Every structure is written in structure tokens, then in C-alpha cells.
Amino acid sequence: ADIRSAQDYAALAPHFMAPSHLAYISGGSGYGLSVAANVTAFEQWAIYPRLLRDVSHGHTRIRLAGDDYAHPFFLAPVAFHKLAHAGGEVETARAAQAIDTCMIASTQSACSLEDTAAAAGPQRWFQPYLLPQRAHTLDLLRRAEAAGYRAIVLTVDAPIQVANRRALAARFQLPSDVSAVNLRGYDTMPRFAGNGDGESRFFQGAMRGAPSWDDIRWVMSQTTLPVWVKGVLHPDDAVALRDAGVAGIAVSNHGGRSLDGAPSGLDVLPAIRAAVGADLPLMYDGGIQSGSDAFKALALGANAVAVGRLQLYALSVAGALGVAHMLKLLREELEICMAMAGCATISEINRGALLPQARRRD
Amino acid sequence: ADIRSAQDYAALAPHFMAPSHLAYISGGSGYGLSVAANVTAFEQWAIYPRLLRDVSHGHTRIRLAGDDYAHPFFLAPVAFHKLAHAGGEVETARAAQAIDTCMIASTQSACSLEDTAAAAGPQRWFQPYLLPQRAHTLDLLRRAEAAGYRAIVLTVDAPIQVANRRALAARFQLPSDVSAVNLRGYDTMPRFAGNGDGESRFFQGAMRGAPSWDDIRWVMSQTTLPVWVKGVLHPDDAVALRDAGVAGIAVSNHGGRSLDGAPSGLDVLPAIRAAVGADLPLMYDGGIQSGSDAFKALALGANAVAVGRLQLYALSVAGALGVAHMLKLLREELEICMAMAGCATISEINRGALLPQARRRD
Amino acid sequence: ADIRSAQDYAALAPHFMAPSHLAYISGGSGYGLSVAANVTAFEQWAIYPRLLRDVSHGHTRIRLAGDDYAHPFFLAPVAFHKLAHAGGEVETARAAQAIDTCMIASTQSACSLEDTAAAAGPQRWFQPYLLPQRAHTLDLLRRAEAAGYRAIVLTVDAPIQVANRRALAARFQLPSDVSAVNLRGYDTMPRFAGNGDGESRFFQGAMRGAPSWDDIRWVMSQTTLPVWVKGVLHPDDAVALRDAGVAGIAVSNHGGRSLDGAPSGLDVLPAIRAAVGADLPLMYDGGIQSGSDAFKALALGANAVAVGRLQLYALSVAGALGVAHMLKLLREELEICMAMAGCATISEINRGALLPQARRRD
Amino acid sequence: ADIRSAQDYAALAPHFMAPSHLAYISGGSGYGLSVAANVTAFEQWAIYPRLLRDVSHGHTRIRLAGDDYAHPFFLAPVAFHKLAHAGGEVETARAAQAIDTCMIASTQSACSLEDTAAAAGPQRWFQPYLLPQRAHTLDLLRRAEAAGYRAIVLTVDAPIQVANRRALAARFQLPSDVSAVNLRGYDTMPRFAGNGDGESRFFQGAMRGAPSWDDIRWVMSQTTLPVWVKGVLHPDDAVALRDAGVAGIAVSNHGGRSLDGAPSGLDVLPAIRAAVGADLPLMYDGGIQSGSDAFKALALGANAVAVGRLQLYALSVAGALGVAHMLKLLREELEICMAMAGCATISEINRGALLPQARRRD
């Protein structure tokens, strides 16, 4: 096949995936407003080429919270890789290892976190959700530590599940052979229903079990791993998290899958960077489809970027090979961008490399 | 059927309504510029999700001009519900009662204000138009008081009827069994024609009978009910009404059915709130299709919101049940928005919850 | 037929006109960029409805340079009305008389200026072009005076004819029975060709015969009629013309038929009004299709507006009756706008009546 | 055929060129974002017509770095004219001579630089690329000098070749009879591959051979011809080049064929002019399709403009005659613009001639 850019995997995926799986993966919550915002956000910036600079010593290496990474691309935590490929997360992990990429394994995976860890490279992080019972959350953390995950990414932006209308329209159902194996034996049902008189199933239901500041502090007290928090969009939340001592923040609108109508993380990234200062590591995700998308996010304040859907698309097209190839293309696209923009290293990429762009005609 | 969001009723209505009725209801005056503006206005704002906040004590209750309401959704006064359902306003009123919603009954209804009142819940308001003869207006007010309506909403933004081009194109006619029963026995023809030499049928015709400041003061002097004025779009008018002592103001462009080319109320809401100060109750209507639309209006200065067309769409699809379900969905959508935005109560929703949004690609 | 608004004549015209005539009339120069700009310009403004104002003494009368007009609508000078109707300018003039409208007769007419004058009402203006020989221009002026035209409108914005691509594509040709009868016996060919070595057929050709400041002063010295200049788009030109003593200025991009890529007059109107001060009469034309378009132009600084294409469209549909009806509709649409906006008189219409409008989705 | 404007050649070319050649020529790098930006950039400006100015002494002559040119249009260096016409660069050169246009001959041509020079007029420039071996570059320079080229244009904005997706999709291949004849006998392969461990084929590969400041200085030291640098988009680079003593700068995004996502040169032109001051000659290219495009570039700071694709389109349609005609049309379109805008000479064209334009509806 003719795959020239990472984005080509998105174009090819529909030929390799069941329509309802595709709808579930590519769709967002509600009417997809925030999914669309993730695309539009990148179109607002052009990249300045710079001339005659010596970048022959260039590289894409980054140091993030004390660790070295060959490049700033991470695999974002996405649920149930088996929807894209029978090999599931283990298949993806193989690609991550092959191409020196840090995979952030989701709790909601179709392969166990232990199996995934075994296949992944040394750089692997784990994304737990907070479970109704702390004992279960703790057990999950301990398993992650035991399996050699090097950081914890707490996702706190989805206290309520909002329907994905495209998935509903396509009558998506989790296939019988796909389930959240990591959670077996744990209590996962919300403790509160909020069905009492005058009670709301959101305020007095789901939200009573939602993550709290107390939970964040508790998790940090229970593990020596660095703890990131994922799903931040407001500068004040970012500052409060920095003050609470998190290792880093993932600026993300959950790929447009949480609150429909939330802004793109890219639109708030500069304000968040300004608010937290230069030192706090920020990872950006949402809509990354190319090396130049990554370049823009890095220029606007991120230290690293994570790709969500694109890994599943590549996985569906060609399994581990597809994911590895997609990551290779992303990295090369980023290198081209950097070289052309005269940036030899990731840290040289800054706001001055971008120009606000008059909106394209559609 | 698969109804997941309040807005789905708009998509379904065409299957349940005569095309000409649909055209009359969904259309606006002239070329529909202001109808379109009501939609576009909401797209200009994104909602900030906030993290880790405790909203388990959350609720949607509001206190408006001394009364308590379970939630900030009102049913806007819309004419002739029988166009959507044989049960007419009585059917809608049943839904309002069932779901604790305040219905604002229009003068121009196909069921009598008394019948509607009997079916509605304790929270019911009445929207009179000023009739050519004050005695008749007074009679209407007395009947509204007798029927237990708790507030008066004077609509003053439609002194001239502007043709609804979509209704005309669909050759809409009021069916023979639908008429303005409340007005039987009253004089409703304008007193002035403006056909004299050099006279305008607008300036010397319709406008000679148009509501005046004197009329507002007169109505307020004739009733002890709180008097709202509906149809305000200019901050100076809002201030003058506040100074005249109205109980509240409905910021509205009449669903795009009055002056074609009027702005969306949402676009002027912040300026109106700034002009009148924090205390004057403001109700917003125009284009509300979802809980997040309501959230945005509340964030921009409204204390409550009213839905117009959506109630007729739901009524056409499933009668009282449809309206009740639509209102339940709206409320839940609002709760989700609030919970995600970290707002436990309506009064916590403010401008800081919104981010101006780069325009979506069409 | 169902004609509800002036703009309907534009929609109907294609059924009543030869396609090539329509292409010639509706097209603009080049790629039609300035024609499109004339439409877009109006969409950038919303009109504030105002409440409870007494406009029962309202009217649309204006006083312009010492004369009274029943309303601010003028018929812009447009060439060859016979392309739209066999009766030509005489037919249009009848409508103008019937509906108390001032017609600005073009030099390039298919009926003689004398015949047109005889059919028109007392309010008629004449638009001469400057001819290669002053004696001929003078003769034209004398004839206009003799025929009772009350003002002179010098059009100076089209020194070079730019091809109308739509007309070319439709292979438009002037029919054999249509010709510029007013110009018989005059020299109309440019005196200069600019074909010498290193010469440009524009700079040393057309432009050598183009109107100059000297010409303007000369025309003013030759007639006691008020002299307007048509085709102004730059504030500095407007100021210079005011200082030269013109009676008024027509802010116009020639309906997008002169320089393709010129801005809409509406976009420059506020700057021109600010530059020339409150007293100089300004007439706006370009894209006027409705009463609310007129309202916007008046609010942005015009004292009157002229309609170009719309008169030919109405003429093609129903002759004099069509033009009269179209003008009646325009006036009523303006009255409705004024009434709704709380403006009893034209002079009450000002910038405060408008709100910049977020761009509509297409 | 009906060719009325230079741009018509773009519309006609698809009828005269093999689809894959057309794809190669019209496409840009990647997804064509920068190609699109080159078009959009012009739409953001309207041109002010000015009235009554005497431009009968007008002309389009410019003086650029000590030489006189009949008009500001240059033929940009574009590779392999034989893709458009069997006569190749020699055919284009004939047109350039006939119409007094300076051709900038590309190194990557299908005819030798000597043959092209022999056919071109006295005004001819040469665009070398820096070759892996300085001796070869020097030989190229010497040949250019010997062939009578009057200036050197070093293109430095394409150190990395980015795939043209449209060309790839159309399976474009260089025909067997088309090759880079100028380069015969030279080493053209990059010296570095960057395939070592941890090496990047961009940073340690292509970029190690990329042009450097040292190369620029070296070229300037080797020739007495004026040296321009082509491909500048950042003001800081422009200033540094000025300080290094270049004769002029070509502001260009390489027709959208280098970094996909680079801004249009037009969007950065004002900042570059402001940064380098009034004296440094700037040539603009990218998206020029008409005289008014040229006018806008000149108004925003350019001293001259170059056309890329349009010359190949015209060449494909009618050989030398087509190119000459296209250039004649461009010049006439510019003259019309200038005349209408009241600019008698190129130097009178400035920023004050433009008005930012509200975006057109699509």
C-alpha cells in the first residue's frame, strides 16, 4: 500500500475495521464538537521555515521528569485495542518497544497490564482510573508497579460517560471476546445512584464517586512512581495540580470524548504553560495526526505529545508493524519540520516558530 | 425510537408534523437570518471542564423573583400547540406539571388559558399581548389571575408581523379547528390603518397601536402579579425597563420571528447583564437545543432559559410524554455540563466557565 | 406571482430575461470579487430592535441638498434598460414618477434623455459621462438642463472598461435595436490609443482621456445644477471632492463593475462619513436588495441609497408596475426596519442601531 | 480560444498537459496547505480605487539593484519546462525575450543553461542550487557567468525534499527524455545518509549538506554577479541576509512545495519589509495569478514579483506565444489596477492602497 504519512493510516483504517468499531473509535461524545475543535485548532497556525541554520547535530531526544526518551511521541492510553486488532495491547506494545516509544497502557484494556508490560519496552507508563474501592485502586497500582510501569497517569476528566452518538448510530457493542480484564475481581460499579427524591443521577450519583483532590493526594502518597494527571484544560486547575506536586500534566480534552463542547487542548495550551511556568512537564494530546501537528503543540508549550486514535488505525491496518511504521513516520515528519524550522532540538521549538494563520477556505 | 438528546426531537419532528406546520414553526421572519444567528451564537463559545471539584451537593434549583424552581428551563410562550398535537396546550401543560416546569402560556393558544391552567402545575405564567382596547387587555389579565398564573410576561417585540417566508412557501394556513380561543369576544384588529394620504401603514398604522411605555406602566398598575417584559435586545431598553420596575426581562429575538436581521439574544446578553447589574432577573430564549446551550446562556448572564420550538417538536413526536422527556433530557444535559464544568449550582455558572471558540469548519 | 419582498425580483428575473442579458446585468468585472463583497458587507451587521418607542409620527422623508424626497431610495444610473424591457428607460421613468422616486438617468440609455425626462416625475437627475470633446459634454449638460433634470451625477470611477467575464462567457452582445441614442453625433472614441513605442494602452491611452480634477471644476462652472460625483471609495478622495465644492458624493464600487477587487462601498462608508463630516450628502449604492440593507447603509453614514440591478430585474418581470412595486416593497421594508428599530425618521438612524455580527455559517 | 486574463491559462492547462505532469506542477508538498495559503492570502485585501488622478505619464518600469526592467514581472525558476512543452526552457526563454521579461533559469532544467541563455533576452538570471562539491557549484557559476546571466538567485529553502502527494497519487515520473542536463558530470547525491546508529536521515543526512551561512558568503566571494537568496519567510532571516550583503531577497514559500504548513510569503511580506528597511530589493512569489495579485504584493512591500506555475500553464497551452501572451496580460492587468488605484508608477504603490477585506463567503 501507499503509505507516505502517518495520517494515511487514518484514511486506510475504514478498510480494515468493522464500521461500528470505527464509529466507536473515531467518534467523540455527543455531536463531536470537541473532536472537530481538535482538528481546527491546528489549522490556526503556520510554521516559519528558517534558513541556513546548522542542525546537523539535531535530534528529537527529550528528558521528561528525569527520564530520557528518543522522541516526544507517546502512545496515549486508549481502551480495548482488540477492537482494532486481535493481538490487542500486546501487539501495540511490541511496536512501542521496537520503535523506542513509551506506551501509556490504559486500565480498560483487552490484554492484562502484565501481558502488555511484558511486550512493551522499558518505557511504559500506566493509566489507572480511580475505582470505587480504594483497596482495588491500590491493588491496581501495586500491579502496575510490579509490572515495571515507570509512571502513573491518572485520568480525571471523565467522571461522567457521555454517549458517543456515532457509536450509538452504528449500534456499537463490545464484542464478547473483548473485556476489561484488568478489572476482574474489582468493584467497578459506582457506589451511588442518585435516585433518591430530588436527587440527580449525576450530582448525587456519578459525581459522588468522581475523583477528588483528596484522591490525587492519596494516590501520590501510595506510590513512589511519578504521578501525572490527565485531562487538564483550565490554567487554574493546572496551577493547583502543580502545587499539589504532580509530576506532570496531560493537557487533553480526551480526544473529544468527554464533555462535548470542551475546547481543544491546543487552544488552552499557551495559557496553561504561562500559568504553570517553564518547569512543569506538559504532555499534549488531541488531534495529533502529523509531525507538524506535534511541532505546533511543542511550540505552544508542550514537552511531549501523545497520539490516540492514530495508533488504533495503524494497528488495524498492519498490527505492530503498522504502529511502528506510523510512529516512525511521525518522528520523521517532526524531524523534517524541525530541520526546516531551524530547530535542532525539541527545546528550541517555541512560540516564535509559529505564525497565526488566516483561516483556510474549506 | 432512539432519542438520546433533547435535540433529537428536532430531528424527528419532520416525521410527525405536516410539512406546512413544520415550516410555520421552524421558520423565522423573512430570510431566517436571525434564526440562523441563534444557532451560530452558541458555536462561538467552548465550555471549560474543571477537575476534581466536589459537586455531590449539586442541584439545578433556582430562585427567581421570589419563587423556587427545580431547574432553570421554562417553556416559552408559543402559539397554537394544536399545530403539533391535537391535545394542544393542555397536553403540553400536563408535561410541564409532570416534570416541574414552569409553562408560559401564550395568549394565542388553541386551548383556553383556563383549560391550560387546570392541566399545568402550580408554576405557570401567562403571556398576554396588549389588545387594541384596554378593557379587553384588562379582562385577559383578570382571567389570567383567576386561573392562577403567577406572573405576567408582556411580549412587546412584535408590533409588526413580518412574513415567515418558509411558511408562505409551504402555503401554511391555520387549520379550521385551530383558533385563538382566548381572544373570542375581544377586539383584535388594529385601530389604525395608516392609509391616509402620505401615511404609512406601518408608522401611522400598526405602530400607532404598538405597546408604549405608558402601556407597561398601566399593566403594572393593574395587577399585583410580577410583570416581565419579553423581547429585549438593547442594553438601554433593559435599563429603562429595570428603572420602570419590571420584575424581570426576557432577552429574546422572538426565535428569529420578529425583525429579520436582529442579533441573537446570546450576542447581546453580556452587555445587557452588565448594563442592568447583577440583580435583575434575566430569562434567555432563542436557539436553545441542549443543556450546554443553556449552560452558555446562564454563563453569559441569564438566570433562566426558555425553549420555544423544541417543545412543539417533542409534542408532535410523543405528546405530553415527549415534552416531559425532552425537558428531562435538557435538565440532565445541563447537569452533566455543570458537573463537568465544576459548577454545583446555577449561580456558580459564570463567564469564566467559557472560552471564545475559533470558528468550526462548516 | 408570489412576490413578498423586493429581493424576490432578483430571484424571478432569470425567468424573464435572456440568459446573456442576465449575465451582462448581474455580472461584475473580472471574477466578480467586488460583486460578492457587496453582498458580504451587509451580513456583517445586525440591527438592534428597540422597544416601546412612539414612532407613530414616523416617515421616510429626507431633505437632500435642498430638495425633499418621499423616501431615500433612488434609481441608480444603469445603462440600456431595453435589455430588461422593450419600454426601456421610459418604462422605468413611469414607475419612478408613480412611486415618487428620483431616477438618475444614465447617459448610456436606450431611450433619449428627453423621452425619459418626459415620463419621469419632477425628481430626476442625470448622469453624464465626460466625453472626449468638451463641446459635446457641454451639449449633453445643456440638454439635461433643458429636459428638467435637477442634478448632475458625474460618474468618474470607470476610466477603463474591465471585461465582465460572465457576460463574455454568455456571449452577450448589445441587440441591434439597442444603442446609446443620447450620444448620437458626439465623438465617443478615446482620443488616445497609447500604441506608441513603450506606451501603454491604459496609461497613455484610456487614462489620458480619464476625468480629471480640472474636468470636475469645469463641469461645476458650466452648470448651475448641483453636481454630485459618483464612484468614491477612498476617504481622501471624498474630502478633496467636498473641498472642491461638490453637492454630494455617491459612495459606490459601481456595482462591482469597475475595478474587480475594489472594496464594497459599505465597508468604507463609515470612514468616508467620518472624514467628510456630518454635512456632505452621501448616497450609497452597491448590493442593496432590501429595506434592511438600506437601513444599514443609512446607519453607517449614507443620506440616501440607490438601487441598480434590482430595478432592471423588476423591470424585466413586470415593466413599470414591477419597478413601482419593487420600490414600494423596499420602502415598506425600510419602514418596518425603522419602526422595529425605534427610528421614526431617517435622521434617527445611526451607527448605534447596528451591532457587528458574527459571521453566519454558509 | 477565449483567453481574457492571465489566470485563464491555469484553467486551460488541464486540457494541454498529461494529468500526472499537471499533478506534479500544480501540487505542493504534503497536503497542499501552503499552496492553499498562497491563494487565501490575496483574498484578505481589497484595492482602493482612487479618482481623478493624472496617470497619463504612468508606466510599469522598475529599477532593481541597478538594472532597469520594463515591468516588475519575473519568470520564477521552475524545473523541467519540457513537462509542459517539448521546447522546454528554450521555448520559455523566447517568450521572455519577446516580451522584455527577465527569466530566472533553474538549475534543474531540461535544456542547458547555455541554450536557454542563447534564446532569452539580455535580462536573464540564473538560479543555482548548491551542489555537494564546491568545485561543481563553482563550475555552474562560471558557466552561468559565461552564458551572460546577470544575477545569481540561490534557492536555500528546500534542504529536504517533501513528497508532493498529488504527484504521487497521479504516479508522476520524470519522462525518459527529460533530465537535469545542467548537472551532467556533477556529483548531486547528498554526501551524508544519516543511517548510523541513532542518526536521523534528516538531521545527520540531508541537513548536513544543507546550505549554510558559510556557503552564502562563499558564493558571494566567488562571483561578481549580484547574489539574491530565495525562499525567505522570517524577518530575522531577511535581516541577517541583508547584513550579509545579498543583493536582494526572494520572499517565497517555494510555491507551497517546501515545508507544508509554511505561511504564504504574502502574509509575512509586510513584516519583512519593515524589518529590512526600504532599500533592500524584495521579490515576491507564490500564488500570483493576476495583475491585482501583483499589485497587492507590491503594495505590501515587494519591488518585483515572480510567477511560477502560470508560465508552465501558458507554455503548455501555446508555447512561447502562450507565455508571452500571459505576461502581456499580467502586465496589462497590473496597469489597469495601477491606473484605477491612481498609481502612475510602481513606487507609488504602497500599503495605503489596500484595505483589509472581510472574508468572502465560499
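In this document, chain identifiers A, B, C and D correspond to the written order of the chains, with residue numbering beginning at 1 in each.
Operating definition for what follows: a residue touches a chain if its C-beta (ideal position, glycine included) is under 8 Å from a C-beta of that chain, and two chains touch if they have at least 3 such contacts.
Here the structure is a predicted model, which means the values were calculated and not measured.
Minimum number of contact steps separating chain A from chain C: 2.
By the residue-number overlap criterion, the interface of chain A with chain D counts as different, with under half of its numbers used by both chains.
Of all chains, the one whose CA centroid is most distant from that of chain C is A. Mean C-alpha positions place chain C and chain D at a centre distance of 42 Å. Across the assembly, chain C contributes residues 359, 362 that each touch 2 or more other chains. Taken as a contact graph, with one node per protein chain and an edge wherever two chains touch, the assembly forms a single closed ring in which every chain touches exactly two others. Those residues of chain B that touch chain A in the complex are listed here as 2, 4-5, 7, 46-52, 54-60, 292, 332, 335-341, 344, 355, 357-362.
By the touch rule above, chain A contacts chain B in their complex via residues 30-31, 33-34, 36-37, 39-41, 43-44, 156-157, 159-160, 162-163, 165, 168, 192, 198, 200-204, 206-208, 210-213, 215-216, 229, 231-234, 236-237, 241, 253, 258-263, 267-268, 359, 362.
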